[in-house]
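Across the two complexes that follow, chain A remains constant while its partner is chain B and subsequently chain C.
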Partner chain A sequence: MTYVITEACVDCIHRDCVKECPVDCIYEGARALYIQPDECINCGACVPVCPEEAIFFEEDLPESSKRHLQDNADFFSQALPGRSEPLGSPGAATPLGRVGVDTPLVASYPQRETSS
Partner chain B sequence: MATSDMVGTRKARCPIDTEVDATFHQWVGDRSVYWNEERKAWIVTGYAESARILEESATFWRDIPQRDGAAEFWGRHLLVMEGRDHRRMHAVHMQLTGEKFSEDIRARAREIARDLSARLVKKGRADLAAAYADTAVFTIGADFLGIDITDTAMIANLIEEMKFRAVWKEELHSRDGIPFSSKVAQDGKAAIERIAAVLLPIIRERRGNPRDDLISAIWKKGATVFPDWNERDVLSTMWSSLDNETKPLSRGLLYTLCRDQELQARLRRDPSLIAGFVEEGLRFLTPFRTIRRQVRQDVEIGGQKMRAGDNIYLITPLANRDPERWECPHAFDAERKQESTHFAFGYGPGYCVGRYLGRVEAQEIVGAMLAETSGLRLDPQYPNPEWAGEMYHSIMPVHAILER
Partner chain C sequence: MSEAGAGAGGARVAVIGAGPAGLYAVQALLASGPAIHVDVFDRLPTPYGLVRYGVAPDNQKIKSVTRVLRTAFDDDGRVRFIGNVRFGVDIRRADLLENYDAIVYATGAQGERRLGIAGEDLPGSHGAKDFVDWYSGHPDAAQREFPLDAASVAVVGAGNVALDVARMLVRAPEEIAATDVPDRVLEAFRKSNVTDAYLIARRGVAQAKFTAEELRTINGLPGVDIIVRPEEVSLTEEDERMVASNRQLGANVAMMRDWSQRPSRGKPRRIHVRFLRSPVRILGERRVEGVVLERNEPLADGRVRGTGEFETLEVGMVFRSVGYKALPLADLPFDETRSVIPHRHGRVLDEKGRLAEGEYVTGWAKRGPSGIIGTNKSDSAETVSNLLADLAARSSCKPRDPRRIIDCLRDRGVDYTEWANWLRLDGHELELGRTQGRPRVKIPTLRSMLEVARSSGDRGATGHMN
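Coming up: the complex of A and B.
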């Protein structure tokens, strides 16, 4: 089980959740954040701090956002564009820094104007 | 493993190192997960196994709702919820009393703690457990809830009533609990009703006339999870602000300072060290000492096969002393860089929603007493206090001499 960051995060990236996460398992792509499902401890601390209400427990995902369960996992289990190896489970997001690449699903979303 | 072995070859930095180790020595087994026939339960002392149990809530969850009297004690409280209700209410708690709220109330907490300290210092002697730690935590909580703490008679009365509730709370959650029909439970329930008689009129008033206080916010936010949210639910949610782990933590921290004059002097010279002192107190003293879980589905962990329905005791002070996670884990080191997440606040889906508040309160309670005194030491008129309590473990009374 894991928490999942959905499309509401795309082009927003407030990072409040990154600061709140006690295990540093929220990683930054280019246009969105992703939760490493094997590192997430299911504490839910990220949910109330997200101003976009973009984070859900996997069982609570709205139908329209369910594909992000797999997509969050794919960010780590599949080699991202321009990379030869998957990220896997780095253990902590901060030392890794901004990855700067998104999954094909997130990259496919039209660019949107945001206040952040 | 003997206690002296657990301290290891490193020279103890603090006089309480060996003393505190002795308080959980009975839980040390020959492996990190083992069966305890006397408790009819699995004892878990390892860090990795504890983390897994606390994370995997579908397999391991609280048994509180099954305990006789739990519904009467807790009402519709986060601790008796599970699944989606729990997740949503957990999020509400974090919205209400997360980091921002905790920092917002810091100055007021300091003011309340300084005022209480100053009054006790005038007397020169005090029980730092009941008269200071417990009273400060209750008063700070009452203040941010929106209860008038200038009504000192009411506050004193509520604190006395909370003692009956605290006795029931400990008995309810220790071992297999106690019958609701028992005297302890009935006395506790009667006290809760007397407390309710004082607080419910305030809660009702705040529904129609919301203010910038936590009672008003609980009214508003609770209704986003439960459409039938009512005044008893608000009261149930308030318990966490009035009685929590910060009391035993603060007692233990103040006792530690009384025992360690060198440490006390260091914190007086540099109050910026207080936050680290509190964090090490959480790891080392772990006042929330036995986290209970029940197995929901057959599972293997730590080389042991657990069956659905089995009971588990997580022994947090032992998990918090994993030598793979902390250097010299059996030493109290106020300036330790916490190398790992300790389990003083639990972990996973049940991660304590008051963890930010508790830290701020404890820091200000310690800081205020140090600021109002030039010296703290145990009062030789009294015998040494003893550590006690299976769920909330701490030390009291802590009779001390307070020097201006």
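Coming up: the complex of A and C.
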């Protein structure tokens, strides 16, 4: 079980959740953030701080966002575009820094204009 | 470059309390640059505070936050753990002011609020904190006994601690056996007669402070029905507005209202959630036999008022869980009204409201007993950023000998422990768990904790600190 960041994060990336996450398991791609499901401890601290309301517990995902459960997992378990190895479980997002690449799903979203 | 300027060069910081608030403060201090050295004191030989002694034993996933908290000690040269040292007894404020450039108080909330009703001191009436201490294997509760001989128990409160207590009480013994509770606690649960736990919430369903994770956990208990009365989960207009504007609250309220529609599944044990009820008296001659509840009606602003309608709930135990409470620290200012150390954004204020130079506060001692583990990360970030700004503004820090505080403890005969001692105890508890097929088995007395922490292979850690 895990929390999941959905399409509402794409091109927003406020990072309030990153500051709040007690285990530093929210990683930054290029246009969106992703939760490492094996590192997430299900505390839910990220949910109320997200100004986009982009974060859901996996069982509470709206139908239209359900594919992000697998997509958040894929960000870590599949080799990202341009990389030969998957990220796996790096243990902490901050030391790793911005990964700078997204999953094919997130990359496929049309660019959004945001105020942030 | 480091946020802390030249003034922070070689600064030494003491953090009092190795719980989440203290350890997130340590991480923020370490992240500021290479110049700062930190000593973390705790009154116990164990780190992690309420993660070890508050988070319920059946929530090992939340406890795995220690994976991150322990990284504060990875940097041996810069961070020392100094355990089994009581603030105000073994070490005083003046000692710290003399030996450190800054002090961060992260002492949490060691006390607990009372109900203030008749019968509260009858045998069978307990503070939830004592019960939590006991099942968590806290050495303060090592001599306590909690015979779980009543069939029905009341838990007063509408927060996560109340829910933890109710849930632990209705867990099947084999579920308790899958946790890290001490052996004698497991024994007591094996003999438990409890079948019904009544959670008594003063206010309505929309004001309950349970987190989603806690609600999901009781929702998934295999041997337990959750019983909620439909007439007790109605929403006021103001509630409706609040619920509509807060997705998480909306989901929580929806789950609890669903329970009120669910038929009993005939499970062997039950959690009854009673909203809009206040205990007014605990009944019993020689021990608790019941509790009188008054029905409350909700007011528009989320508060409630008593209706003068009463009912008696027959229960053999009452646990009050209406809030942990910080206690005053020796020689430090304290805000009696709010039960916190007075501060401005984490900078401690003296009795006259002036800044106390070099002293800071974080966590529950700062904001009161609210929030979840993650809340302490941002809370400590605020405190530490102010600490670093103050250090940077100083022209320089005094050169300080890190051995002085250790000598001071030794001179007083304080039996302090180090990180290596904790690692030994940790390894021992994990090994005990492995032999029993459990995640860990806690050692519940201070004496045996210290024995294990200093057992074979230990070259006398206390002689090697520098």
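FYI, the second predicted complex is superposed on the first by the 116 of 116 C-alpha atoms of A that agree within 3 Å, B and C clash if a C-alpha of one lies under 4 Å from a C-alpha of the other, contacts with A are read in each partner's own complex, and residues count from 1 in each chain.
As a working rule, a contact is a pair of C-beta atoms (placed from the backbone, for glycine too) under 8 Å apart; a residue touches a chain by one contact, two chains touch by 3 or more.
Quick caveat, the model's predicted, so the values are computed rather than measured.
Asks: Record, for the superposition on chain A, whether partners chain B and chain C clash or fit.
Replies: clash
Asks: May I ask you to decide whether A:A92 touches chain B, chain C, both, or neither, giving the answer as first, second, both or neither?
Replies: second
Asks: Please work out whether A:D24 is in contact with chain B alone, chain C alone, both, or neither, and reply first, second, both or neither.
Replies: second
Asks: Have a look at where A:P48 lands relative to chain B and chain C in the superposition and call it first, second, both or neither.
Replies: both
Asks: Using the touch definition from the top, say if A:D60 reaches chain B (first), chain C (second), both or neither.
Replies: The answer is both, since A:D60 touches chain B and chain C.
Asks: Applying the document's definition of touch, where does A:D38 land relative to chain B and chain C: first, second, both, or neither?
Replies: neither
Asks: Report the partner of chain A that touches more of its residues: chain B or chain C.
Replies: C
Asks: Can you list the residues of chain A that touch chain B in one structure and chain C in the other?
Replies: 20, 22-23, 41-45, 47-48, 57, 59-60
Asks: In their shared complex, at which residues does chain C touch chain A?
Replies: Those in contact with chain A are residues 20, 24, 61-62, 64-65, 67-68, 71, 211-213, 216, 246-248, 251, 372-378, 381.
Asks: Enumerate the contact residues on chain A facing chain B in the complex.
Replies: Spelled out, the residues of chain A in touch with chain B are 1, 20, 22-23, 41-45, 47-49, 57, 59-60.
Asks: Touching chain A in the complex: which residues of chain B?
Replies: For this pair, the touching residues of chain B are 51, 54-58, 84, 87, 90-92, 94-95, 98-99, 341, 347-349, 351.
Asks: Which residues of chain A touch chain C in the complex?
Replies: Result: residues 19-24, 41-48, 53, 57, 59-60, 91-92 of chain A touch chain C.
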